[in-house]
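Heads up, the next two complexes both have chain A, just with different partners, chain B and then chain C.
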Partner chain A sequence: MCIELMLNSVNLLLVAFSKMQAAKDAAVTVAGTDGQLFVFFIMVVAAAEVSVGLAIIVMMYRNIHSVDINFLNRLKH
Partner chain B sequence: MNALVLSAIFGVVMMFSGVVFQKNAAIKTTGIVAMILLFLANCMEMRGIKFFKFDVSGFMAFDSYALFFNGIAIFATLIYLLITSNQMEKVGKNFADYLALIFFIIAGITITTSFKSLLTLFLGIEIISIPLYILTGSDKKNLKSNEAALKYFLMGSFSTGIMLMGIALIYGSQGTFTIDKMDFVLSAKSNLHIAGMLFLLFAMSFKASVAPFHFWTPDVYDGAPTVFTSFMATIVKAAVFIGFVRLFGGAFGRLEETWSIWVAIMIAATLFVGNITAVFQQSVKRMLSYSSIAQAGFLLFGVYAMNDAAREGLLIYSAAYCLATIGIFAVLSKMTDYSFEGFNGLAKHQPVLAFTTTICLLSLAGIPLTAGFLGKFYMLKAAIMTGHHLWLVIFAVVMAAVSVYYYFRVIQAMYFKEGLFNLLRPAALKNIR
Partner chain C sequence: MSITQILFWILTVAALLSAIMVVSSKNPVHSVLWLVATFFAISGHYILLNAQFLAVVNIIVYAGAIMVLFLFVIMLMNLNKSAEPIKNRWLQIVGIVSGGCLLLVLVAALKNTEVAKNIAEVNTGDAGLIKTLGKELFTTFVVPFEISSILFLSAMVGAVVIGKKD
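Our next item is the complex of A and B:
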């Protein structure tokens, strides 16, 4: 899913920035760790979000026996 | 802290109550009692009595403003449960789970209104959003509900991605997520910081359904079961705005010249789109969803003005708006026909119901002597006190006048048109009497 891709790119960015912070003040040993911690939170939230999203898609499939989004135009009027 | 911990615990309790109790009435009583306890716990924290002592400094700050708003949100949810829980039972079989999700959303609201770090802001917004996706799709056999849930999910997770990108960029420029530790001298010069701020502005506007990021709102509000639309459009939206104000007052307060013009344009666009489109709607439910976009424009004045008057006004406005909209949606969920014609002749057959609806509509339109008027007054006063962009205030007044038209269409239908008695459901009639 593209949403996973978006979130993973942010994870990568955060890890890169946290490495940058750690390099910036090398004297402080904990510098940049909060960026890496954030990544774990994003992973947890992404897992929760995807489980809900897949459940919604399964629910749709049970009703219309297809996951074609062209069926989804009932609210456009 | 009281409300946060207790609402999470009560959410789990409600989930198990579905297993323990067989009857919906028992579950409903449990839910309402839990909500009252939550309200009392929040009031106690305002008086300084804390049940839990965790060190959350740097992540959350339960100041009096946040606690006061939490009090309003919990009280409004209590009223909401008392009025609409009968309707909620009819949505599906999992009544206990709906209540549990509402408690989890309250937990998210308490985090969003009292965050001190971008991490907690993100978690709070997500804890609000994910249960809402489920509630939107809770009418499982209904294709409209499915479609609304999928659209809401896609839009919501897209805006989450944008928000995370903003947070990551701000982290890149500042090296911290904590708002108090941010370096404002540096931030004014850093392009990374400004870009991150704009990403966050867009993401928060998505969540708060501010134009030009409002496209999901009418579809989702229309497709979701009416009881949950009422919750989404009121309490959740107001909470997102409190988070919005805290974010832009705290983290980006010094950059006000950069973003205030963007916010001003967004207010104008929101008021225009919401009010003008609402005029052309045939269904009252859809009209109300556009009207909630228009009301978001007024709430956004709180972000724009960013002074004490605006903060107080936001509380008054959100309380008035929540109660009035919950009232109208409660009436709407008893109707079988959501078009304007469905309201024809309601005053003759249900005078009390029609009168309550009228008061709620007058409050939304901002007629003097109602709470909605006070809210609009405070918001516009705060905007005038900032001293620039007076055109915006005049535009808002004109748009409020436009809004009177579509609110009065409902009142006119109720009082001056003849209608059939059997448009109300027989079961609903029994409840009203």
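Our next item is the complex of A and C:
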């Protein structure tokens, strides 16, 4: 969830910067759209990441009945 | 103080407060609900910046889909006090120190910056409207768009394969 929070802060910054760029060169009609589309792609990647990550957490909980990642040190032995 | 400024400050305070509550609340369900509040505040910011498409997508995708997924998973595995993992004390100290270092670097980097000459104007510009964004998305950015669809498909298949009962 903290990852979502950080991604959202970056999204807000990108939208603000795209507005700055659009205000700077107002003659170009598409100025600033690339920043907002980048935000859109960040949302896409976040959705994919969340689905896979939650599937991994559910699988882990089913196997060891806990969400403590300190149990996952089997590769060490 | 105009109405836009008042709205901006209200939204900023709401976003920061609920973001702090996300990190600091003990119950994960409360944390998710505060995160939904944060997303609504950020969507309000998008509307103030005249990025209506992103505001709507933010509410639908984040507050609608991803947060429901989070809630389902958290309620699926009933986390209670006894199942709470024992946190390492040194890990907490190291986390505090590294976070403080990051804050120090950011403050030091931003201290000497002059106020930008370009201001993000509110309520102007049509860069965030669906028409312009859609035209750009399906002409200039059509290849990343298709690649992201493949990414979605692979994430879907991966989630099903991982979550399947073996």
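Keep in mind that, in the parts below, the second predicted complex is superposed on the first by the 75 of 77 C-alpha atoms of A that agree within 3 Å, B and C clash if a C-alpha of one lies under 4 Å from a C-alpha of the other, contacts with A are read in each partner's own complex, and residues count from 1 in each chain.
Basically, a contact is a pair of C-beta atoms (placed from the backbone, for glycine too) under 8 Å apart; a residue touches a chain by one contact, two chains touch by 3 or more.
These numbers come from a predicted model, not from an experiment.
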Fit or clash - chain C, chain B, common chain A: fit
Touching partner for A:6 - first (chain B), second (chain C), both, neither: first
More chain A residues in contact - chain B or chain C: C
Touched partner set for A:58, first chain B, second chain C, both or neither: second
Partner chain(s) touched by A:36 [first = chain B, second = chain C, both, neither]: second
First, second, both or neither for A:45, with chain B first and chain C second: both
First, second, both or neither for A:17, with chain B first and chain C second: both
Chain B versus chain C - smallest C-alpha distance in the overlay, whole Å: 5
Chain A positions touched by chain B in one structure and by chain C in the second: 17-18, 20-21, 24, 31-32, 34, 37, 41, 45, 48-49, 52, 55-57, 59, 69
List of chain A residues in touch with chain B within their complex: 3, 6-7, 9-10, 13-14, 17-18, 20-21, 24, 31-32, 34-35, 37-38, 41-42, 45, 48-49, 52-53, 55-57, 59-60, 62-64, 69, 71-72, 74-76
Interface residues, chain A side, partner chain C - complex: 1-2, 4-5, 8, 11-12, 15-24, 26, 29-34, 36-37, 39-41, 43-52, 54-59, 61, 66-70
In the complex, chain B residues that touch chain A: 119, 122-123, 126, 130, 133-134, 137, 140-141, 143-144, 146-151, 153-154, 157-158, 160-161, 164-165, 167-169, 171-172, 175-177, 218-219, 222-223
Complex contact set, residues of chain C against chain A: 19, 22-23, 31-32, 35, 38-39, 42, 45-46, 49-51, 53-54, 57-58, 61-62, 65-66, 69-70, 73, 76-77, 79, 83, 85-86, 88, 116, 118-121, 124-128, 132-133, 135-137, 140-141, 144, 148, 151-152, 154-156, 158-160, 162-163
